[in-house]
Amino acid sequence: MIFTPTSKVIVQGIMEPLGVTCAPLMKEYGTQVVAGISPGFGGQTLKGIPVFDMLEQALPLIGSVDAAVICTPPYAALDAALEAIAAGIRQVILISQGIPPLDMVHLIRKAEATETLLVGPNSPGIIVPGQILLGIHPPNLYTPGSVGLISRSGTLTYEVAWTLTQAGLGQSIGVSVGGDMIVGSSFPQWLQILDEDDRTEVIVLVGEIGGDSEEAAAHYIEEAIDKPVVAYIAGRSAPRGRRMGHAGAIIDSQIADFGPDVGSADSKVNAFKRAKIPVADRPSEIPTLVNELIKTSAQRSAG
Amino acid sequence: MDLLEYQAKELFREMGIPVLPSQRIDRPRDLKGLELPYPIVLKSQVYMGGRGRVGGVRFAENTIDAVAAAQTIFNLPIMGEYPKVLLAEAKYDVQQELYLAVALNRSIRRPVLLGSLKGGIDVRAAIDEMKYVVVDQEFSPFFARRLMLKMGLQGALINSVSAIVEKMYRLFLDNDLDLVEINPLGVSPTGEVMALDGKVTVNDDALARHPALAALNPKAPADPLHALDKLTPQTARSPEVVSTLNSDGQIGILCNGAGLTMATMDLVCQSGGKPANFLDIGSETHYSCMPDILGERLENGLEAIAQNKQVRVVLINLVSGTVSCEQIADAIVRFLQHQSRKVRSISEAREDGLVSRVARNPQLVVRLVGSHLAEAKERLSTTQALIIDDLEIAVSQAVSFTKQTKKPT
Amino acid sequence: MDLLEYQAKELFREMGIPVLPSQRIDRPRDLKGLELPYPIVLKSQVYMGGRGRVGGVRFAENTIDAVAAAQTIFNLPIMGEYPKVLLAEAKYDVQQELYLAVALNRSIRRPVLLGSLKGGIDVRAAIDEMKYVVVDQEFSPFFARRLMLKMGLQGALINSVSAIVEKMYRLFLDNDLDLVEINPLGVSPTGEVMALDGKVTVNDDALARHPALAALNPKAPADPLHALDKLTPQTARSPEVVSTLNSDGQIGILCNGAGLTMATMDLVCQSGGKPANFLDIGSETHYSCMPDILGERLENGLEAIAQNKQVRVVLINLVSGTVSCEQIADAIVRFLQHQSRKVRSISEAREDGLVSRVARNPQLVVRLVGSHLAEAKERLSTTQALIIDDLEIAVSQAVSFTKQTKKPT
Amino acid sequence: MIFTPTSKVIVQGIMEPLGVTCAPLMKEYGTQVVAGISPGFGGQTLKGIPVFDMLEQALPLIGSVDAAVICTPPYAALDAALEAIAAGIRQVILISQGIPPLDMVHLIRKAEATETLLVGPNSPGIIVPGQILLGIHPPNLYTPGSVGLISRSGTLTYEVAWTLTQAGLGQSIGVSVGGDMIVGSSFPQWLQILDEDDRTEVIVLVGEIGGDSEEAAAHYIEEAIDKPVVAYIAGRSAPRGRRMGHAGAIIDSQIADFGPDVGSADSKVNAFKRAKIPVADRPSEIPTLVNELIKTSAQRSAG
């Protein structure tokens, strides 16, 4: 796993309300929060974390940094991420929601050029239970184990984690790629990371209606993922509606490779079923399906 | 945020995209002061598509025709939407109609340029001929020329049409658009091009940095799916907008986070319940998110949901990392106190006592996950709110309340 | 192209950079309709710097003072330049004055951000404290914050001043500026910031794509060095602008290309000649450069140089890859024919014959490098133009002509 | 030398007046002009050169291309260069003058990221006498030999080449980095290329007043160049004048490392003299100085 308790982490926007919540939560969990950045607050400290006006002032004191967690106002997030990338940080986790999509397009191009891993925006970030917290996942809902949990939700991720924990199924990681329109990393990227992660035995993918990332994930799992996967989709009862009207229909029909109905719960559930991935009807079914897969897996290993 | 055609064309004009001389018509008599020469076209300004097929676009040869046409259009709903404004526009002689668009594609995570040789009202034909170019790297005009060649344009049209796409892209980038569409782009017999209809959607998250666009405030019809699916970030203290689902539903749903709201609603439906409305009081990823704000939003949210007198039961499902269950319980208690005071004051005002039934508080079923749950239970123990640990049990309980109790008459 | 202060401030205002309420004053009596409250500052609007030190900025407490001050300023040249316009502005209470600029640096080949804690009229002090940040990669606001820290700003000023630099950079980028400068940026006792004086230089090459700026057309004083050193590309058919050098010089120099013009002028000076004026008829790297255009420019250029009656000899040195010497010779022949016709018609009109001496054609010394040189020599053999292969001999010959011949009286 | 007669070359803006002049001149010299690009003119030919609307249409027919020569109108040049870079071309020669400096800044950043060699703008390009012409140098003024000629002028470069040719001194290359405010490659870059070029024995550097590229070149030669260099500076008699006024003075004093007088002929001549580089007073002195250096060089090799 690329995230370990020795990873050195900074929090950008640490003096914003979100940062004030997030940074101490991370530190209490044992994450090495070596500095906070908030322009205009240089020289102050937050719960023992030194605050700097700029990242480049902190670097000579704290050495190289592994990850940046961004809690700035949304219109300042692109700049904060570029500042982190310019300073050599290659893991950038965007917690703040509402970052304009074209800022994300700009940032994603930059991240691709510099091989930077982006998570978020509008994401609680990453938790590796018992190891490190990079974001605002409620630590007490998680417990170490072998289920890799990927989603694009916030609180629904916590709900599923808590469901697993209560069922005695610990997690190797909890990560949300983020709920905004354009996000920095995709399900396939994370599926690949977890497929290669030694601690992960089963992957739980929590999806939602809208977009085609679940369809793409189903396709990718079928092609490239060896570990067993359980899926769950929220929004089956949501009313159907037009997205972008007339033009939206034209555009979706051209760009999406997954059929005209893409984005609906049916489209997503069917995509998983076609890929022979079990789909939980409700959160409480997730542990049941995970246990079945672990059993099958164990039998296969034994046999 | 969608713009109306005339607003989109104003942006086109500023960017140097050719548009016809036109005039905004707020009421039929405005046509008496028309500065355009006849014949003209009158177009219903609505957010819905398909106005052309149902009579929302009419030609007029003189003022008498025009006033009559305007009256007809003002009274013609387009998919349920009445126009507040019409656009009067000069007529244009076209030889060919093209479709052009720049849109943000969420799965490719890049803007795409779209073009079809078959523009106009026949959407099916446009789609069949549609070509696209992904703007994978920073835009440069050659991306637009690439679209021209894919579309099959030749000669001088390559340059004149790609110049339009270039300007559309600049508009898209400068104004944080989700979509800019020209359909059709008219090509005259002499090869001149003209944007005959346009559609612009501004990204809601970016709207605050474009005050001039935000001021256009079109008040587009609310779309319940929109609220869930676009996950529109509300500012931390923005007013609560409850989405109505079923007019005969009796359960209100209040959660934090869009995914959790959808999952909870799914469970209610799977258990045979019928949601009346729902409210997402916001996830924890807003940069100005503070514990006290969630409590405040919960209180206001409950008030808003309870406005719908159809709602007999409110299912509250909150999973929080940053706010303790105790604080949430406090907010619920405050709401209940406030509600009972309101009921009392209304009953006092009206001695017949009838209103007390109408203004009766809905039953609250509360399910909380987070820290200090025991304290929360303690707080709620003296109220009518029922607090249940397990989500599915809470859902069944909420549904069974609607079945037990008769609807008030 | 330089903008005047009031034009620069208009751009600042549009970009959201705070500027004081102000009013443009075209004549002293405009002050009677002043909409600003007194006291005010009146500032001479000139392209030259240093107006503050010589009385080009004055305070006024009331209309009588203001009209008197305006009359004084309108009659006060700043380094030889009289203002056509004044700017009346509100007074501002400053605690600190900063210097800020964004400029294009040709040797680093990048924009640079500049800042000094010591802004204001004392340029030396500003320079001593100057800090800079090179915008090596695409700009993002953290480059501006980097400048703030280098300057030594702290606390809230980091954000308020870097927001100004951010907007300056956007102005710089959007309008293709060579320079945008705020000096001073006033900081009030409460920490508010205000652009008190501004300078904007638009890049001449980019001006054509900013029609609104091009329309400001300031007609800045012509600078002979400017013409050579900035290598301003002229459109292929733009009118010829001859640069005057020495009022007692007698040699006109006409070359193609700035480097060649300078080298030729150097040789003339080294040989003891005194150039009167020079003209670069353009290098061959203009995209619309065509053989016939060079000939036309040569003809017009010779006419323009010969306008200066001081010029006794014109040294033509053309080195061309794309135009043959023959075509060049043809253009010279056409010029000579045209000149002699003019002389004849003037002499016919005035019988005293005196004008023929005044309007006498200058001696042409021609040195050409390129194809078809023999044919060119053939063409010129029947004219008064002297054609010489070797550049240095041509230069000596031209210089010796001015020594041989007496100046006409 | 990176430019050889086998290099495959395209001309962008081939149907503009400059392209119509340039492309046939190059082809006549033996340069392999495999295609011309001019949007709207696809399908036509110019003196046997096939013309395409876009570069990507030409590539399948002509294979990989080594160099692009740009003759477009100045506001179209950035896009043409980016089109060439996107198509994998790594040598881009900008002939057109008047490209806005900020377009060049953008292009230079892109060229650095992709290791593309840029020449120009406002440059006659490159000639390797007897081998290849990439631009509009008049071929008949050049002759093959061992003098490497670097300048930032157009016609003055031809003048010096002709002076050398007449003196019996052939050239290994003639290149102008370009006369506009911001150019794509620097004197040091070309000095380095010629220092490593086997055919070049002596380097002639032709400079002008303005900017600090000659001062930078003098400094670089002293530090890093082994081959003998002769310099010439045009503009000694030009009147002194302010550049950017008041602000310009402040800026120059901060950014330039070469003293307050930078840009003047004296500053440049002195920089070369300090670096012990002979400076010709007039073009006709250049061959004399070159011959002396060759002699010294030969003696040194012999001794």
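For reference, chains read A, B, C and D in written order, and residue numbers begin at 1 within each chain.
In this text, a residue touches a chain if its C-beta (ideal position, glycine included) is under 8 Å from a C-beta of that chain, and two chains touch if they have at least 3 such contacts.
The shown structure was predicted, so the numbers you read here are calculated from the model rather than taken from an experiment.
Chemist: Shortest hop count from subunit A to subunit D along touching chains?
Modeler: When the steps are counted carefully, the minimum from subunit A to subunit D is 2.
Chemist: Per the definition at the top, count C-beta pairs in contact and tell me whether B-D or A-B has more.
Modeler: By number of C-beta pairs in contact, A-B is the larger.
Chemist: Which chain has its C-alpha centre farthest away from the C-alpha centre of subunit D?
Modeler: So the farthest one, by centre of C-alpha atoms, is B.
Chemist: Rounded to the nearest whole Å, what is the centre-to-centre distance of subunit A and subunit C, using the mean of the C-alpha atoms as each centre?
Modeler: Spacing between the chain centres: roughly 56 Å.
Chemist: How many Å are there between the centre of subunit C and the centre of subunit D, using C-alpha atoms for each centre?
Modeler: 26
Chemist: Two or more other chains touching the same residue: where does that happen in subunit D?
Modeler: none
Chemist: Where does subunit B touch two or more other chains at once, residue-wise?
Modeler: Subunit B, residues with two or more chain partners: 137.
Chemist: Name the shape of the chain contact graph, picking from line, ring, star, complete and other.
Modeler: Topology of touching chains reads as a ring, each chain with two neighbours.
Chemist: On the basis of the stated criterion, which chains touch which? Give every pair.
Modeler: A-B, A-C, B-D, C-D
Chemist: What residues on subunit B touch subunit A, complex-wise?
Modeler: 2, 47-50, 99, 101, 103-112, 114, 123, 126-127, 130, 132, 136-138, 173, 176, 178-179, 181, 183, 199, 201, 203, 205-206, 208-209, 223-226, 228-231, 233, 245, 255-260, 262-263, 265-270, 275, 283-291, 318-322, 369-371, 391-392
Chemist: Which part of subunit D faces subunit B closely enough to touch in the complex?
Modeler: Those residues of subunit D that touch subunit B are 39-40, 42, 53-54, 56-57, 76, 78-80, 82-83, 86.
Chemist: Where on subunit D is subunit C touching in the complex?
Modeler: Against subunit C, subunit D makes touches at 13, 16-18, 21, 25, 71-75, 95-102, 104-105, 108-109, 120-124, 136-141, 151-159, 162, 179-183, 206, 208-213, 216, 234-251, 253-256, 281-284.
Chemist: Which part of subunit C faces subunit A closely enough to touch in the complex?
Modeler: 137, 140-142, 145-146, 148-149, 154-156, 158-159, 162
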